[in-house]
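The first chain written gets the first letter, and so on, giving A, B, C, D and E; residue counts start at 1 in each chain.
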Amino acid sequence: MENLLEVKNLKTSFFSDGKETPAVDGVSFELKKGETLGIVGESGSGKSVTSLSILQLIQKPHGKIVNGEILFKSQNLLELNDKQIRKIRGKHISMIFQEPMTSLNPVFTVGNQIMEVMTLHHGVSMREAKVQAINMLELVGIPSPEKRFMQYPHQLSGGMRQRVMIAMALACNPDLLIADEPTTALDVTIQAQILELMKNLKKQFDTSILLITHDLGVVSEAADNVAVMYLGRIVEYTDVDTFFEEPKHPYSQGLLKSIPSLSNRVERLTPIQGQVPHPSAITQGCRFAGRCEHVHDMCIREEPPLMSISQHQIRCWMYSESWNDRDKEDTAHGREVAAGRESSKVVHH
Amino acid sequence: MTFSIMQLAPGNPMQTMINPKISAEEMQRAQEKLGFNDPLYIQYFKWMKEVAQGNLGYTVKTGQPVGKLILERLPATLLLTGTAFLMAFSIGVPLGVYSATHRYRLPDYVLTVFSFIGISIPSFFFGLGMIFVFALKFGWLPTSGMITIGADHTGYALFLDYLKHVIMPATVLALPTIAVVMRFTRSSLLEVLNQDFIRTADAKGLSQQKVYLKHALRNALIPVITVFGLSIPFLFGGAYITEHIFNWPGMGSLGIQSIVAREYPVIMALNLFTSMLVMFGNLLADVMYAWTDPRIRY
Amino acid sequence: MGEKLLQVENLRKWFTIEGDTWFAKNQSVVKAVDDISFYINKGETLGLVGESGCGKSTAGRVILQLLEATEGEILLEGENLAALSTRQLKNKRKDMQIVFQDPYASLNPRLKVRKIIEEPMTIHLKLSKEERMEKVKQILHDVGLNEAYMDRYPHEFSGGQRQRIGIARALAVQPKLIIMDEPVSALDVSVQAQVLNLIQDLQAKYGLTYLFITHNLSVVKHISNRIAVMYLGRIVEIANRDHFFEDTKHPYSKALISAIPEPGSKHRRERIILKGDLPSPVNPPSGCHFHTRCPFVMERCITEVPDLVDVGESHFVACHLHNE
Amino acid sequence: MNGSVGISQETVTVSSIEKQTWRNNASWKRFKKNKLALFGAFILLFLLFVAAISPLVAPYDPYVSNVNELGGYDVLAPPSSEHLLGTDSLGRDMLSRIIYGGRVSLSVAFVAVMIATVTGIILGVIAGYYGKWVDTLIMRITDVVICFPVLFLAITVATILKPSLFNVMIIIGLVSWTTMTRLVRGEVLKLREMEYIEAAKAMGQRNSIIIFRHILPNILAPIVVQATLQTAEAILTESALSFLGVGVQQPVPSWGNMLNEATSIMVLQFKPWVWAPAGFAILLTILSINFVGDGLRDAMDPKVKN
Amino acid sequence: MRKWKLMSLIFVIFVLLIGCTAKESTTPNESEKENDPPKEEVVKEGGTLTFAYNSEPGNLNPVIWATTSDTNVTHMVFDSLVIPDKELKMVGSLAENWDVSEDGKTYTFHLKKDVNWHDGQPFTAKDVEFTFTSLADGTYDAGAYWRVEPVVGVEEYKAGTADKVAGIEVVDDHTIKFTTKEPFAPFISGLFIGVLPQHVLNDVKPGEWAKHESNRAPVGTGPFKFVKWETGQYIELAANKEYFGGSPKLDRVFVRFGDANTMLASVLSKDVDIAPVPIADTASVQSLDYASLVTQTNLSVYYVGFNSKNDHFKDKKVRQALAYAVDKQSIVQSIIGEYGEVADDVFPSKHWSHNPDLPIYNFDGSKSESLLEEAGYQKNSKGIFEKEGKELSFMMEVPTGTKEREKSAVLLKQMWEKVGVKVELRSLDFPTLVTKLLPKTDDGKQREVTKDDYEAYILGFGIEADPDEYRSYFGTAYMPPNGYNFVGYSDPTVDNLLEKQTKETDFTKRQQLIWEVGKKLAEDEIWIPLYEQNSPYVVNNRVTGFEPDFRGISFNSKDWGVKE
């Protein structure tokens, strides 16, 4: 099947005081029609920046897409001017955000905000737009949509607002929906409702979804493929089943072990040691080296490329051939160096 | 409150007239009649009682009813402060928007410096400068007053006459507020532009202009309404000096005259009036709030 | 185990909200905590779970006497806290401490770490400066922080480290009870595990008793001995951890468990998706608060408040289904 | 429990991905980047310096009328090599008076703002921290006072207190505390919800210590900014009071009462040296203070990101 | 909170409504508008003139607390029975002439005939009787009672025991007789006050006049009729063509009021023809080619007064020393220029009471110092004179309001400090100074001045017409609370002279008595006279006949005209 979206070697940086801090660095992935790709990562991994880069919603003037291609239906979005990209937004690609509380404009009615997209992109009349908007509200499971249509965002609960956001995003029946942490701010029972809703709508509209989340559970529920990001890089990229059955990257493994599980309780969790360092602290070698338990000299010397192994794409020397030839003693040494490098770099900021 | 402040002041209106031909006894009697020798709380109580009955009292020296005196002055002050108010917002807001949308570029810097000068310049000084330039040098505008004396305009001509007279004092009065409104609109708009729903609007594909003017501005104006409320006492206060300079026949010039003459009843009534006008303005600001911000409902 | 450290009896905390409109004053009452009773044994962890607005954090603050209870008793080692004088209460505060959710808001940005940890000591312990310093070092070591960092300011630390400092502050006066108010919710997954381990280790080392407040059932399962579930101000179920998960009684608890997305659970469990939103605590539904969303709602649920009854082995549940 | 007593010990690295608090020198960095603010700070320091050493730099005694060759007073002399800025209507050297006037104007503003700030902090903290009826009472009073235009109050109070240097300070201070009170109260209310305040309460800390240790240091930034901006306002108010003849009194020079000499259309037109120096000094000072204040606001406001 | 606001809103509306219902028409003569002549008349007859004054009149009833801004207008609208001439001799105005009886107690006034009020009613002796009887009314308390005080029967009428003042007697429609209790030289000058229309005010008690609407829309007999009063802006007057003294040249006069500086600006923009000029601005105004300066002489003297209870000032030598230290010439030169002159007498030099032969204190620093040494003072290490360890230092109270006076105070300080006397200045407004000069007890009664009430002050004092006014300032019997002798001056000779002159009806003899007083006061120097100051006005050159003097600026308004 043809790729709906293809991101190639994307690099987005933030500039302050003339200093460049790359938030997304050389990220590539693709998304087919009707597919859901989950991008997982902790804070600072660059997952949100990736999603914002696609529609060029990075905050100017500090954020800037430095490099790469974003091919949407084979058209490079980065080559479009402001006017053209605005025609794509909301019509072909739409977004929903983490905070349903703040993502809706407080001074306009819900209906007004949904109709706005419709009249904008489909040029329908106000009356027609109203009918459609109410339909949309009903579709996303909002009870008494006629009443809600007239209400302001503050009169709705968080879950309702997220439904409104979804209705707005799907109003023009886009090809791609980018959902940036759509359930994070919601209560567990509401989160379940929204996930369910998204799954159903995806089937109904045949929309592709780019799902950004830090919650591995959500990915497991909703995604077909998973990309794990760490410090601006994709470190592991595979389909969801493979990922959960057989996570390969030490970071992915660490993440899964860190999470207390409902189904099989362990007395003690095994966390990944240390903290996520600042992106500027790492100039060389594997970005995870400082926290990796398998770290080796070579990890510090050189950053591993994204390697393909069967279903997987992994950025780790462990899966390269040279790993087996490694000098075992260097592992311990490597760990020391990595830790030292990290702390010395970061303390003087 | 004003009452007690004024009572602390040494001297009373009778004593501003020191005339060898008036015996001390006579003065004493006049004071007693006016109640200046009563204990403070009795004076205050009497005053409150009168106010409650709609009687603001009489001026000490000339015995005119204070309420009438103030009401005569009220329209002039309202005309002046109202014009200044309109100017402040109709000029301040667009400039603020312009400044915010041209952030960190030349127009923004120019407007920033302008706004600081607007805040910094003493009004009496600015007023004199205006008179000097526009009235004397160019002769475009009258130096002072509210209408052309003896012209007896009516209708449209009268309106133009008012306009000609009000424009300078209103500008002087409005200048600091224009500056403040501008700064406030600018920062408020910038703050709103950082908010999530602006990103939502962008993500919808709305044009830049529509994002700014529909989604951002309406929200940005909500905090500006605070300035709306705060500017009212400021304008009324500023009216004292401005009216004085431009000989504007309003409550401000009356106030200054009254303070000089120790006309307590006038001063107290003026205070009562201004504070009520301010309250009224604040109330209006509240209504405006509710009108612009659906989250507030009364 | 077995000795009760904390007993909460019929605790109520109602807030009055003065909705002052132009023409009328209407008071509405938020029953944030509405008649809850539970106990915590010495050395154990009670997990208090619930969604936002269920009153779990309020309960924690009322227990600590940061908020005044509307009704009910809080007994710490048998002593009713509400009956204590200000002075006695101040002394009693030594025995109970709190750790907060937000690692940024819970540390005074203007104080050095040393000062932050020292503060409770200066109030409750009569120690010399040197002794305090020693103790600060000891505690920093306990929570896994290098003592060299005690002269730094909070902003120089990451979220996880700040949370450790918060825990250190709570430990400073060797309290008997620590109320953990969502201590790991704001942390990234990998750091969350570190802090959870620390919390467990400290409990083992000092024999601490925890009231662990969270919305995250997985965390609760991991860390608690017993679990209490709150819904709109009321406790709907309390049980031992294993009982609770193996034999969940209350429909809300069931829904809560099933709503959690599990990473990698291949066979997707049958999920119970609750209808509708959480009702507002301002005007909670009549009868059983849960009846508006309950899949098993019966007529009596609408009118009658179910009691919290023991269904065996200290498994309490407040549901008419289990309350014949 | 598995009986493990090993406390998990991890490598401590101090991460730099943090929220920036104002204590960070990031504030200073941001301030430095603001050219206008730097310019303002420079001018202000210069003015303060000149004011501080005014006896050393003033060429003449600002209180003594100079005598011309005819034996009379050298009044309203235009600028010359002898009197760089000319003389005033009593023959006193303008330059010297400007220099001394700066001393007076700046200290009036400073003391007045101190009064307003201290009052504002005390009332604001009490209202914000203790809440309930105390709050209601204080805020009602503030509401009422705020309803009266500042200038009106100032004039009214000025007529009561008799003009003197100290009273001018008091007057300006007394009429401008409301803004500070509201600001402080608002900040305290925000801060009161912070968890570290709750933590201090939970550990049984005394209210006074909570206020001085946990609250005040953390609301210093907005207070400093507000005080800076109010200083500018105070200078303006002083000049307005002088304009109405109730400000700083002769023979003490202040920029306000020097400008007061220029309140004549004739002087404005024909004798610019009488008003221009004082007018320029006031404008420059207030401009500088406002630049600095605005720069501080941006630099200290955590909401404004780079 | 919101409820509170709502209530205030209702309150505001309530008050405004009450205010509106209370509002009445203020312009009774609106029909006059139609008589307006077209603008820019080139003829010399008629025309419009605008003059400005610094403050708005309080009211236009001449017997109610008259101030200069009031009399500027009332002199145009009202006439008085008598009026002082240039030499300050009283001449008739509404009175054609009058006779004084042999014993000097009875004055018989023969009034002008064919005089009409502006509303057409005839003016008669009844109006005169009404005016002066009203001043004696028990309810009247607006500052002019002293004018009728010497009249027989006034006290009885005031007390209510008589229903008419015995000493005021209408002989016929055009003749009226006043009888005083004793011969009283100043009596005739006291009659220089506007006569009121009986038919307008008859039904109103004098105590209520202050509130009467005629105060803001007066009816008089004068050369100009009142047209309208725009509050805060101007008063419009129109010529009274039937004026008994001859029709005024002008058709209309506008009296504007406002800040001196603003009014000056209006002169520059030619909206105003005549306005007072601050002395500091005279030099600049002189350069205008379309306007000139006209000076109004004043009968006033600025002086420094000393509290004689003060330890330093008890000694005449100290006061004299301080007088010698003052360079009056320099003060006049640098502050007042040609609009004033040095004063050596407490009596104004233009007035007949001024004695040309007085002790004069010419500026002499060394004499000042030697006098202080004579008085027992020695310079201390700081260069300041002291006696018995007490430095010669004092606080001088300086009332605000007159720039020239404030500036003189600054110069005085410099001058005194030069000889070794420490002086502090304290600015305060006039009413506050009055509380120091006329102190009160806590319960509001006036009391004696003590040495702590004040030390020295600077003020101006002027004569309206008769020098008898000085009696209350220097007579021993007139120390507060009984009068205005707040310096506490007490000298039996002066007391005697002051009492004697009131009964002396022979002008030359009376003048001699007063000259004696002046001489004695100059010796004792309890007041140091500084300077006399005149008032410059800027007058557009198109104006003719503007000749202000001590009687005011508008007493000859009927002779004003405009060219072009």
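Throughout what follows, a residue touches a chain if its C-beta (ideal position, glycine included) is under 8 Å from a C-beta of that chain, and two chains touch if they have at least 3 such contacts.
Just so we're on the same page, UniProt names per chain: A = Oligopeptide transport ATP-binding protein OppD; B = Glutathione transport system permease protein GsiC; C = Oligopeptide transport ATP-binding protein OppF; D = Glutathione transport system permease protein GsiD; E = Oligopeptide-binding protein AppA.
Everything numeric in this text was worked out from a predicted model, so none of it was measured.
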>> Among all chains, whose Cα centre is located farthest from the one for chain C?
In response: E
> Pick the pair with more C-beta contacts: D-E or B-E?
Replying inline: B-E
>> Using Cα averages as centroids, what's the distance between chain B and chain C in whole Å?
In response: 54
> Using mean CA coordinates as chain centres, what's the chain A-chain C distance in Å?
Replying inline: 32
>> Distance between chain C and chain D based on Cα centroids, please, to the nearest Å.
In response: 47
> Rounded to the nearest whole Å, what is the centre-to-centre distance of chain B and chain D, using the mean of the C-alpha atoms as each centre?
Replying inline: 24
>> Residues touching two or more other chains, restricted to chain E: which are they?
In response: 2, 6, 261, 265, 268, 401, 429, 432
> In chain C, which residues are in touch with two or more of the other chains?
Replying inline: 21-22, 158, 161, 194, 197, 200
> Mind pulling the chain A residues that touch 2 or more other chains?
Replying inline: 268, 271, 273, 275-276
> Which positions of chain E touch chain B when the two form their complex?
Replying inline: 2, 5-6, 8-9, 11-12, 15, 18-20, 22-24, 26, 33, 36, 39, 48, 50, 55-56, 58-59, 64-65, 141-143, 145-147, 209-211, 215-216, 230-234, 236, 252, 254, 256, 258-259, 261-263, 265-266, 268-269, 271, 401, 429-432, 434-435, 437-438, 443-446, 469-473, 480-484
> Which of the residues in chain D come into contact with chain C in the complex?
Replying inline: 1, 3-10, 12, 14-15, 17-21, 23-24, 194-196, 198-205, 213-214, 217-218
> For chain A, which residues count as touching chain C in their complex?
Replying inline: 42-43, 143, 157, 159-160, 187-193, 195-196, 214-221, 241, 244-245, 254-263, 265-266, 268-273, 275-276, 291
>> Please output the residues of chain D touching chain B within their complex, sorted ascending.
In response: 36, 144-152, 155-157, 159-160, 232, 236, 239-240, 243-244, 259, 262-263, 265, 268-269, 275, 279, 282-283, 286-287, 290-291, 294, 303, 305
> Which of the residues in chain D come into contact with chain E in the complex?
Replying inline: 63-65, 71-73, 75, 89-91, 159, 162-164, 245-246, 249-251, 263-267, 269-271
